[in-house]
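Next up, some structures in structure tokens.
Each of the two complexes below includes chain A, the first together with chain B, the second together with chain C.
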Partner chain A sequence: MQLKHWTSKILGYDGPPDSRDFDLVETDEEQESVSEDAGEESIPTSMSRKHKIKKPKKTGSARYRHNANKSGVDSDEDNAERLNQGKSQREIHIDLKTNKKSIEQLFHMPLNKDVVIRVFTLSTEPPVPAFLVFIEGMADTKLINDYILKPLMLLTNLDPGPDISLDTCTNVLQKHLPSNQVKKLTLFEDVVTHVLSGDTVIFFEGCPCAVSTETKGFSHRAVDTARTEQVVQGPQEGFVENMRSNTSLIRRTVRSEKLITEYLQVGFRNNNNMAIMYLADLVNPDLVQEVKRRIKSIKTDYVAESGILEEFIEDQPFSLMPQIIKTERPDRVSSMLSEGKVAIIVDNTPFVMLVPGLLFDFLHSPEDHYVRFPHAIWLRIIRVFAVFLTILLPAFYVAIATFHQEMIPTDLLLSIAAARERVPFPTIVEILLMELSFELVREAGVRVPGIIGPTLGIVGTLILGQAAVAASIVSPILIIIVAVTGLSSYTIPNYAAAFGFRFMRFFFIFLAATMGFFGISSGLFVLLCLLLNMKSFGVPYLAPVAPKTAPSADIILRFPAWQQETRPDYQQPLDVRRQPKLSRVWAIKQSRQPAGGSENEGVD
Partner chain B sequence: MLRDSRQRLATALLIMFMILFSAGCGSNYEPDELSYVLLIGIDHGAQNLLRISYLIAVPKNISGPGQGGGGGGQTASVVTIESPSIYASMNMVNSFVGRKISLMHNKGIIFSEAMAKDGSMGVIVPGLTQFRETRGTAFIAVSRQKPEEILTRMKPLLETNPAKYFELLAGNQSFTGYIPSEKLQNFYNELKVGGINPVSILIAISDEKLPPYNGQSNYRSEGDYVAGEMVEKGGVALEAMGAAVFREGKMVGILNGNETSIYSMFRGQYRRRIYTIKDPLKPGNLVIMEVNQAANPRIKVFLTEEGTVIEARFLLEGNVLGVNSLIDYSLPPYRPVLEKAFEEYIEQEARNLVEKTQHEYRSDILGFGNKARHLVLTQKDWEQLNWPVLYENAQVSVEVKYKIRRTGTLLRLMPISKGGSENTQQGE
Partner chain C sequence: MVIINQVKIGQAEAIALIVTVLATKVFLTYPAFIVSLGGSAAWQITLISGLVTLVFFWFILKYLERFPDRTFPETAEYITGPYLGGLIVFSVLVLWLFELAITFRRFGELIVIVALPETSISITMLIFLICTGLAAYLGLSTIARACYLAFPFTLGAVLLILVLSYPSWNTDWLFPILGNGVLNTIKVGIMRSSDFIELNFIYALPLVFYAQQVGKIGYLSIIITMITFVMIVITFQLTIPAVVGQEPYLPLYQMAQSVYLGRFIQRIEAIFVFFWVFSGYLWVSAGVYGFCHILTQWLKLPDYRPLVLPTLIIIFAVAFIPQSKPDALSIANHSYRSFGYIQAFGLPVLLLLLAILFGKGGRYNAER
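What follows is the complex of A and B.
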């Protein structure tokens, strides 16, 4: 009895772990509307594929099962506040001197040489003492000279304001600061944030507020070509470290007033800015809420890069496969935004994250959409093939060479045997040796200084391989196996996914070396189970294949752009339809044009 | 016990590894730890039950490192041993051959005629089929000489790899038709099934002798030979021609090349072959045609009051390759004549073969029994039918349909010009 209990405990399944409480599902109304529509327009399917996917009914209330945990969150917040004490919650004092003192204290003034405080007097009647604070290097000093100090010190007297002393802040704000972004601040916390991000904050005597002026002027890299995701055809621009440039790069492609940029801050030590961007009329609000919830709830001191944030917010930190798309291409981000994904931009990172990231997203390259669709289909097939080669080819070789010799054509087997004649190691050692040296070459190629990088690749691959064969350390066939595996791993467009697949192959090599094909197939089974068990921001990782959802025109094969009528349904966008069924209106004969949608089967 | 998920995961992993590793590694051999047997020859032993010869590939000579081609040495070596059983012989060979004998790439099994005739072959084959390593697709042959002699004498002419040579040789059936396409698995099946008897390829060492020309050449059909009787020299000193016929696991006779072709037609295994027949309109001349089977044969078996009636229909089609008589068989008046003549020729050959199997060999190698099995409901009924006797007395009618599809690339055949300047002579 006990054995049965244990067996079911070890091997049985009792629901997802508690940490995963978020499911991106349809609301009841959506489901109803879908089932109502089904009669007339049907779920947007392409061509004649009519089989509809029955979606399981789920109650909307089951979204945040763990909200009850609130008390725990609160205690965490207290904790954070204690850590936050360096940053005062105090309000700005009416007295200028006190304020100055506070600022000096906050920025550790005599010690910290970066922060500059400039004391001056407003040339008003009566003169108002004031000071401004900024950080050398973060703020543009020319801007401060010309557009803050000059108008305030010299030009304010031209305007005999009647009651300037009543509200200096507002007055200066409205009349005397020719700057496009100004803000009234009342808390020292905000002052610190603004100063740290490169703004200049001005304090006035007798005024319980300060004015922040946009003077960001730090040096940053100009927009350059994308380094890690190169395409032959298509836009070449890549993101840069400066977040504002990145948002503008995205906004330049998606010119929609519905494109929303929300700012968040993470890391109470480095206060890094991050933005989430989404199309308000497309994205599922639950998804946005979940992204914000995850980011806001992070309690850490230092998040400087999107990779660090990724680890904080991803669903399965221990999985080999990434669950968040990281890209440095604005065009990729904008196309994903228009699918209903959410972009997370971290300041100082040229990589933008997109959620949810599903397995098939990692096999897509933006170029797939820029070349004609038959070519794109071919690209995709090659890539899927490459994934399997990357994971399985070395393992396959080990399995057939040591367990299943009957599978190899006699000639090949004999030449393998002949080639191994003077090789002192068993196949598994041989292949591990070569795979490890391949990894060495790869890693060294990334780390060496730029100029000798390409040389190293050639040295590593050609000469090392040739020499290893000549020295009878490995057999020549193995060099082919390792080289093909290496090539295939680089055809996977996503760096993290390629990494994951490359790493997996070692598991499969070991399985193959111990158990042959049985090992490989059990490994594949486990891998499949693990992938099936994964979710990225509430969306099953293998969607839309498992679970099967409404057919998509862009999973492995890419249909022509005019047939991609729907957005991925599994991301639950607010608007599923991308374009009407009849998108190529010109393709209909003039006389038949008014007939409309149902005609397009014959034409398209 | 097993309170948190980590413990459970660890336990599950432990169990998995225990299961997996207790299963694995046992049958793991590096490719260079095995010696690959390419061909087995089995004969009666002098001091033990069997004398078994293995043709073992020498990989380093078949594909030397780097050079790609053979290193000039012997590509395969023959090892002969006497032992009580085949499997024991593998171990015994390993008392003087370093690498473990493996039958995984065994391309063929050759039995001596003596073994085939006394039924030992029929006893050994099921055991061979049972073994995990033997390939069901290995060809099975009966040799007229000693198998070890065949293995030793046989040196492939073009191939460095002897395995390739055997595979190609056995595969040539698809365009010569002189040998049956009989594999180990077919042989075993036909051995155990009641409605059909097996055949095997017949091979022999060629005597490499060309008799002197005595001023007269006579027509003899190209299939009218059996292995060992062909007049040939050069190439490989081996002939594969015709088939050995078995009854109840014992070899009872042989078929020549022509009969084997007809046998293949009955079995639906016939692909293509070149036929040289006498010209129906000018008997002194020959017509050469390439004939292929257009559809599977239709064979019907009836059990009537008078006995068994078997009807077979072949649908053949072919191309005329050459006509000595210069009669243009592409013309409508002539073509049916040729078709008719060939139909009659094949019908006659088929009737002769059936006759031979019915009365001389008393063995249903053509598989009519399999076609008759559906006439009874149970195995018991089938056994009561006593098919071998029924077959012996069966009335077999063969109907052949032959269609000439193409008559070559010439529009017209012209006679040899008689001294004129016009020199458009054509034709074979």
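What follows is the complex of A and C.
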């Protein structure tokens, strides 16, 4: 049976692969949909002036089940039930003692020492028993003391009214809680989610609901300089781990009422909050829907960092090249939002993701826009050159030294041969030794404690290289090749892209060692085909070059800001034009002045 | 049955693709063979063959306009019936496969000559086959985009060779201007329109192009290719006299070898290996894709991809039928490069005439 199965698998054909492809193409409906009245799940558009920031839709388990039902996977549903057994779908009971018991069960009290239940009485006539629940360390205790317990325990004017059971909640909510964010909850599941995110939830006797108050007060790192994407000229701020600080950093730069922040949750074990941000009047609605679809359909228990989420939502997980831009710079996020991209912010990580991420985006640095455009052009040219050096320089050396010696001018050939005379290894061994040493130094430099880092770098680069040459293990020219390759790889602004390019060079070294220039060309051909076949959220990876779309003023060369009149067309934004053709209006006014005016003034 | 969606490629990419499949042969023996046929009037042969192809393309265009929404096998079967139509498609496929295999072999030989003289040709061709198979598997849009990206660099490299060979130019080699005689030039010029038979890509895979762009794609591709051919042949004639010029197996490589830019830069021909290998890859992968695509449409299969591997194996086997490099060259130049145009350009003309005769297509196409 096994043999038959494998035979049919190898020789048989099961039809085209069953995958859902997403292409971001502009349709007529998209334009029409801009003006249509959107439902709850649809995206606010440019026509709707009002919008509100969606609060986290704290229904992690319910959403999971819904998705499982949709896909018809019953076993997954059972699994989800099992994993979510701690979260009850029950409604809040009218009896306070029952509610307290439920809370204690849900939070595994008294085993769980982080959760605090404070029982108290409202100073009403007759007194109403109540309790509040919060997690120590997540909630600000000063806020709870001063703005929840004090008003409630010392309040005097609470009028019970005819229907006391409902009014307690409503009255407290409306009159006695001086908090900027309060919410009435009816399900225990919502209570759990609110408490876990740092809020304080208050239960009252005789009330089938509870009141959640915003008291988040956990400690987090203050906004600091960006560590991995430094610029000489330009803002120095970087994102931090706290999601709300990150959204505010972006919102501070893009002061537009069209900037939408939607909250989602991923991971049914850690229920991590995440936000997607976009400019409603720019972004293609299909792109937003696709981002939400991918994130909502993730079935996993733990997503703590944007890197983990990236693996779940990227199109080609096996590619060496990243397809999602990760940045820790708010200014980069803001500029890309204004191009029609979508930002994905995961709580507890200082790296914000931007989609779609295309090859040329990874070669851009925010600084390109902060220096004058001729300088930016030079920076870009250097960077593209560096990419080729990173991938091909060692491979070229191996190919020329092994197969195509005739390419080297005679004088140079003689000096190389003299330098290599005492080296016992073939070129491929020599270069692999040095490249692997370089990788070791790089990795060790990242991992060792900060104080030793620079020392290790000096030891690795200078002493090791010097010693290797002196010991005739490698030739001096090879040290130059490896050093230039290493330097080139660090000029690539994106960490993941630089990693990809560095990794590729080993494939090319191997191809060059086995087949010379033919091997390198074969590798380049395969690489090009694979890159051309890639997509990031429905957009071809090499757009706008291949496929050719509308010309852009910011691909490899950057034109002056006043000439960048359109947004990248390949992202299908709702509004392609960034500025009118004549953006420097002052220039035309000046030129319309009478030609002899200044002369006359001078004469007068 | 689920039919895989038909890919469409844009105008710029389509032109790059067609020019690549038409013009890649300049890296092989083309200039030398033309010179051997036309002597000092070789460039006129290229010009005439290009002009003749333009005329043929007018007919191809009329044929395509008559059947804008049908595949080639559908059209052939619609006009001539399932049996004769099937035979027509089969004949196209056979020629396609033959040309593919022989050219594939010639590229293998090219790599052995210019890059890896001590490596076994079967190893080289196996690697070549794997890479082209991957590209063909990924699809036409990938190949066309790769052509579009590689095109300016390849053209630049060729122009660089032409310009850098300037010190060796001698205008005397262009005379006698009429070469082996006007009649001979015209006759060979018409026959050598077979060098444009890859144009059958346009009518054999009509639905991959946007119908309204096909004319522009075809005409521009032919003109660009013709200009490139003429430039290369003239430069080759200027560099090497006609009598000697018919000898080299890889004329462009010989020209690259003759480049001398001072004492430091004098052997740059190895750099051009990249462009030649790249063009070879693109040519063969486009051919493999086209072959599988037509076969899929003919056999009414849902997807072309399962056919890629068997096709590659057949090509690999057929490519080794010629005993040696001169054999492969001789087969190519004396068979489909001499008379291929009769089949490649004659078929659409024949189908067009039959369609007119039987009143099929055009305004009668409404029944579809």
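Just so it is clear, the second predicted complex is superposed on the first by the 504 of 604 C-alpha atoms of A that agree within 3 Å, B and C clash if a C-alpha of one lies under 4 Å from a C-alpha of the other, contacts with A are read in each partner's own complex, and residues count from 1 in each chain.
Definition applied: a contact is a pair of C-beta atoms (placed from the backbone, for glycine too) under 8 Å apart; a residue touches a chain by one contact, two chains touch by 3 or more.
The structure displayed is predicted, hence computed values, not measured ones.
Chemist: With both complexes superposed on chain A, which partner does A:Thr427 reach: first (chain B), second (chain C), both or neither?
Modeler: After superposing on A, A:Thr427 lies in contact with chain B but is clear of chain C.
Chemist: Now for A:Pro547: first (chain B), second (chain C), both, or neither, which partner does it touch?
Modeler: second
Chemist: One more residue to check, A:Leu532. First (chain B), second (chain C), both or neither?
Modeler: Once the two structures are laid over each other on A, A:Leu532 reaches chain C alone.
Chemist: Where does A:Phe403 make contact in the superposed view: on chain B (first), on chain C (second), on both, or on neither?
Modeler: Touch partners of A:Phe403: chain B and chain C.
Chemist: For A:Phe499 in the superposed arrangement: first (chain B), second (chain C), both or neither?
Modeler: neither
Chemist: Touching A:Ser415 in the superposition: chain B (first), chain C (second), both, neither?
Modeler: Only chain B is touched by A:Ser415; chain C is not.
Chemist: A:Trp562 in the overlay: touching chain B, chain C, both, or neither? Say first, second, both or neither.
Modeler: Touch partners of A:Trp562: none, neither chain B nor chain C.
Chemist: Is A:Phe518 contacted by the first partner chain B, the second partner chain C, both or neither?
Modeler: both
Chemist: Please indicate which partner A:Ile10 is in contact with in the superposed arrangement: first for chain B, second for chain C, both, or neither.
Modeler: In the superposition, A:Ile10 contacts chain B only.
Chemist: Take the contacts of chain A with chain B and those with chain C, and give the residues found in both.
Modeler: Dual-contact residues (chain A): 403, 406, 411, 515-516, 518-519, 522.
Chemist: Which residues of chain C touch chain A in the complex?
Modeler: Counting only chain C, the residues touching chain A are 2, 4, 10, 12-13, 111, 115-116, 119, 124, 127-128, 131, 134-135, 138-139, 141-143, 145-146, 148-150, 263-268, 270-271, 273-274, 277-278, 281, 302-303, 305-306.
Chemist: Hey, which residues of chain A end up touching chain B in the complex?
Modeler: 6, 9-11, 17, 401-403, 405-406, 410-411, 413-423, 426-427, 469, 472, 476, 511, 513-516, 518-519, 522
Chemist: Touching chain C in the complex: which residues of chain A?
Modeler: 13, 15-16, 400, 403-404, 406-407, 409, 411, 515-522, 524-526, 528-530, 532-533, 540, 542, 545-548
Chemist: If you look only at chain B, which of its residues touch chain A in the complex?
Modeler: Against chain A, the touching part of chain B is residues 1-2, 5, 8, 11-12, 15, 20-21, 23-25, 27-32, 34, 36, 38, 57, 59-60, 62-66, 102, 104-105, 107, 133, 135, 161, 163-164, 167.
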